[in-house]
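Down below is the structure, laid out as structure tokens.
A, B, C and D are the chain letters, set down in written order, and residue numbers restart from 1 in every chain.
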Amino acid sequence: MKAIIVYPPKAGVWLKEIDFKEKVGSNGVLVRTLENGMCGTDRGIVNGTLTFSRPPDGYDFLVLGHETLGIVEEVGDAVNEFKKGDIVVPIVRRGCNSCFNCIIGRQDYCETGKFREIGIRGLHGTMREYFTDNEENLVKIPSGLRHVGVLLEPLSNIMKTFEEIELMQRRMIWNCNDSSYECRNAAILGSGPIGLLFALMSASKGFEVFVMNKREPFEAELKVVEAIGAKFIDTTKDELGEIDLLIDTTGYPSAFIPLLKKIKNNGVLVLFGTASGDQYNLSTEDVNHIVESNIAIIGAVNASKKNFIEGAEYLNSWNSKYPGVLESMITKKLKPEDSVEYLKNKPKGEIKTIITW
Amino acid sequence: MKAIIVYPPKAGVWLKEIDFKEKVGSNGVLVRTLENGMCGTDRGIVNGTLTFSRPPDGYDFLVLGHETLGIVEEVGDAVNEFKKGDIVVPIVRRGCNSCFNCIIGRQDYCETGKFREIGIRGLHGTMREYFTDNEENLVKIPSGLRHVGVLLEPLSNIMKTFEEIELMQRRMIWNCNDSSYECRNAAILGSGPIGLLFALMSASKGFEVFVMNKREPFEAELKVVEAIGAKFIDTTKDELGEIDLLIDTTGYPSAFIPLLKKIKNNGVLVLFGTASGDQYNLSTEDVNHIVESNIAIIGAVNASKKNFIEGAEYLNSWNSKYPGVLESMITKKLKPEDSVEYLKNKPKGEIKTIITW
Amino acid sequence: MKAIIVYPPKAGVWLKEIDFKEKVGSNGVLVRTLENGMCGTDRGIVNGTLTFSRPPDGYDFLVLGHETLGIVEEVGDAVNEFKKGDIVVPIVRRGCNSCFNCIIGRQDYCETGKFREIGIRGLHGTMREYFTDNEENLVKIPSGLRHVGVLLEPLSNIMKTFEEIELMQRRMIWNCNDSSYECRNAAILGSGPIGLLFALMSASKGFEVFVMNKREPFEAELKVVEAIGAKFIDTTKDELGEIDLLIDTTGYPSAFIPLLKKIKNNGVLVLFGTASGDQYNLSTEDVNHIVESNIAIIGAVNASKKNFIEGAEYLNSWNSKYPGVLESMITKKLKPEDSVEYLKNKPKGEIKTIITW
Amino acid sequence: MKAIIVYPPKAGVWLKEIDFKEKVGSNGVLVRTLENGMCGTDRGIVNGTLTFSRPPDGYDFLVLGHETLGIVEEVGDAVNEFKKGDIVVPIVRRGCNSCFNCIIGRQDYCETGKFREIGIRGLHGTMREYFTDNEENLVKIPSGLRHVGVLLEPLSNIMKTFEEIELMQRRMIWNCNDSSYECRNAAILGSGPIGLLFALMSASKGFEVFVMNKREPFEAELKVVEAIGAKFIDTTKDELGEIDLLIDTTGYPSAFIPLLKKIKNNGVLVLFGTASGDQYNLSTEDVNHIVESNIAIIGAVNASKKNFIEGAEYLNSWNSKYPGVLESMITKKLKPEDSVEYLKNKPKGEIKTIITW
């Protein structure tokens, strides 16, 4: 079958014919790939900057791909939860089998670092015509999500992050006088797919939402932002007031440190983005503000199956509530043979680029 | 305008012309009632058994109705969140303004008992052509929920209950080895609207779901149960095995006490239903089982606005995921002039009866 | 060495010479028993009513004893945390090694029921001159607790219970307007050692405390109750008002069901005691009250090592804060040869009877 | 009476006779000051660097002092909880009466910033012979804490911080396989009174404890560190390995940023200290580590009465468990007339300097 492969940690990406015989074990499910999303992690592997990427044991190459939408083709004898024709999304991280968090299915909190991730570290990904997986790693989604379900994997990370935020904010009363978050705002640094999904989820939770970038919005971005009642802030022109929840999706200290002092008492800064090549001074004044204001800063990565399950309900709700909006986030659909160039560079103005098989 | 009125605590119900001039204050919203749901509380008031029901101060009658779907007709000067044409659902309980929980918008946990509830205690309900409310008491729902949004009020109570369950179960590890609840079951006593909404939510959370009654299922019930992959248990014929989460919607001790010993270690019994005229022996053996098995029993009532907001996302998702299923729970639609009889007695085989204005 | 042994599930108890060679493995600790407490569980085994009691595999007898105070005599090569002369208390329950809760050291929430408990189920207890245990099962306590440390094991259960109560009560605001519990009361049914330790802990948390029994207090009980500023309620004469936290240590439905309706909104009933031979009607009115008042009922058993560690700090603090009070709870000290009769029947007027080796 | 006064925001400190008539209202308590602790906040006010310090309305001066130990001299008619001779400690921060957190007694999480603090902002402190306060602001401590109870106020802040840490770490499994924290370490930056109290509390929780400074330990510091089984790390010579819990009490970015990468997966950085005149580069590599490792950073300030109440139990326990250790933290006792110089500069080698009245 055709597959998009890389040779990490070396740069480069190729569409090649590979000779996989996908065997379906008793708990296995054979899935035909419908779509893959491309993200910064994929491009980091392709460009050789994500040095933790590695092929599976016994291979010199890695099939790329961890944002996936697929359709079940065949199921093993012992599989109850899935049947041919089900639309599914695989989770990405697979536990180390030794730390407590992996044992209880929270490999997003793996302690040992010995986890594997499909298409990233040690396990082949899904940018190929077919793949098999055990049923426990698959999440079934409604058939109505056929055209936007590829967004579930990125969304799952946002679900995990809000799980953490809401736990942490139980340290005091953070809700408004009607029990909602409607008196709070969420400012999101970065207007890529992750930034926009954070915006969607923040809006669903009731926050007033600001999506920020250091430029004017692209048309596709503006469509999403306006559809959900959020505001786009071009930080070269406009300034924000005080912030309750600041979510950084850029990874740049120079983007979020200057905003620290705008975070209100009991506020939260979420660090979600990773990047390279930037630094910024953190001063005693910044530290004083964090201390005196009881600010919590949360680094969040990955997601558990629970977060995929909950995310699917929200994706499904938004798909019906904001007609056309989720689809408009998919700004380009490529055939596999055209996708290699796009994995090297993200074109300007794009939100999510996907590969359709 | 026409309204359905009662004279609590006296029995009886009438459709009458009332002379309300609904004035829209600056934070007020004038809502045209589209639909009202009928529930056991309404029938308890109508039959004079819910003795805590009372008219608003200065009135000898009470407009009935707390399950509502409406459309905004007019908004006050200071209203930002709503505009003419929005589909809305009002929350039911209004806080006492004195206890902490009411102050922070969690009047579902009012300490003083001095709260009021529309259509139940001290505030007119919504079984009338129009009503006004302050914007803070209204929840906007997607227009796609026009035909099933009347179910949001009952669903809100289920959302609050799961909020409690999930908090309580953090006392230990209750999730499965994939972080989901897919290895757990939920057994629901009672197959009325509340029972079925608990079934829907339990299924969304991943539980294997059993809906129980001491008879064969009505056709309408079976349709819902099967659509979500649950099973109906006729307790006169079949017996359940061990239970992780037992949800009683009947209020009858004779229904849930015999099942106590089936609840597994760390399991939960939710008491949601209220009733009269039943009792059952609780034995030392039952108590020993509760103690030795770390069982938690949660009495849950009412919901906060937060629960309505989250519930609306789930309702919207189900509406798309299970086409026709939510609508099939509305087994009868009545004109106001025909509804009086149905408020006195629930017809056999019905799930939710609604009034359309 | 001498040991107190039983042949469960048969009734009877004997002081006998047993031929144990306690070998100290590399992680092992040899402990000389200083004192054992007697409790209802011991007497249930002795009287043959606790039918779940069983000897270790390969034995026909069981050394009794799970409330322990000991002194370290010898430690294995790999033991870092303990040295000769340390005062120690062993935890009671040992995990099943298969469920998540046992894997993470929370065997008090074991799911499988395949745990073992020293002196109760499947493991020899500590009513003997010496015992060995792995260091992970021992808790070191300050030498100042030499005379009252035997109370740590029963106290650990109270610590676990308050851990659950405080988690559950985060569902809403339950603290007073100064963040404490000083506006709340705790009513404790039963004035035995467990009841009094609940009273001590409740007082430390700030609750107004009532200790209840259906008779006048014994002098020893009254001493403790008065020292901590609590009140004794003889339920044959006096009645309580409304209750925030009701703790049953009796196991009798006839004791706590009549008090259910006194529990306030958002209140908690803890079921801690186990008993036999009693039952009481639970009525729809009781259920309505539980539901409408958001009451939580928590069955709690056993404790984790964490609860022993925290309990030791409290025991140590009380030992200094209430001079002589903890010691006064130990109303009788027996030599092993005199203890057999006391294991069959609890003498009237006693709180805690201990064996000194 | 004599009082130590300042004229914030101007630098300077004086011992003066002031003409206060302390009137005891019905809920009031007249307290004779026994001891005051000096801390960095006091010195910041005295040196004019803490510019948020201000006198009470209507005064041009401020009585300094917020670390207090006192004895009750007289109580108002309505006071039940206190009597003449009780040893007491006042809480520091007094709520804004408008935000939710202040209303529920959690003014340590005040949202508006309009709180007042005795001896710091807007309310006279306790560095004077007598003061009055309402009973709700006082915490009674055991008479056995007469010589070390002045440490309760600083300790209260540590209690609040651990409350936050333990809440946040419920996001996954952080305890060890015996339910304790005995497999975790806590590294504390700074060996002043706050650093050492963090060390004591961390040790009580079971952590392996490291106290760090960029110099050799003073003798007084070493005594405490060794008594609790901790280790002192001179960072100019020795390096730490991986860290689970990093607690900064210095406020210097240059101290904690270089250690960020040593924090393990799921670890926590607590920012507690405030300072001035330092800054350090935070790089994308640091951010990547925070994100990929799920690290939480918590800024923590102040404490609620609940934290004082719990802290008193721990202080009491340590006082008995580590004889002489808490007292050894009080390295200098000064008469009021000698204290002025010490409020300007902290002498080398000191831990806590106190004033005895």
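Basically, a contact is a pair of C-beta atoms (placed from the backbone, for glycine too) under 8 Å apart; a residue touches a chain by one contact, two chains touch by 3 or more.
Computed from a predicted structure; not experimentally measured.
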{"item": "Minimum number of chain-to-chain touching steps separating chain A from chain C", "value": "1"}
{"item": "Chain pair showing more contacts of the two, C-D and A-D", "value": "A-D"}
{"item": "Farthest chain (mean CA position) relative to chain D", "value": "B"}
{"item": "Pair from B-D, A-C or C-D with over half of its contact pairs in common with A-B", "value": "C-D"}
{"item": "Centre-of-Cα separation between chain D and chain C, whole angstrom", "value": "35"}
{"item": "Separation of mean Cα positions, chain D and chain A [Å, integer]", "value": "41"}
{"item": "Multi-chain contact residues (two or more partners), chain D", "value": "100, 103-104, 106, 170, 173, 177"}
{"item": "Contact footprint of chain B on chain A as seen in their complex", "value": "81, 103-106, 136-137, 142, 144, 173, 175-180, 182, 204-206, 304-307, 309, 312-314, 316-317, 319-321"}
{"item": "Contacting residues of chain C [partner chain A, same complex]", "value": "100, 103-104, 170, 173"}
{"item": "Interface residues, chain C side, partner chain B - complex", "value": "100-101, 104, 106, 108-113, 163-164, 167-168, 170-173, 177, 251-253, 257, 264-266, 271-301"}
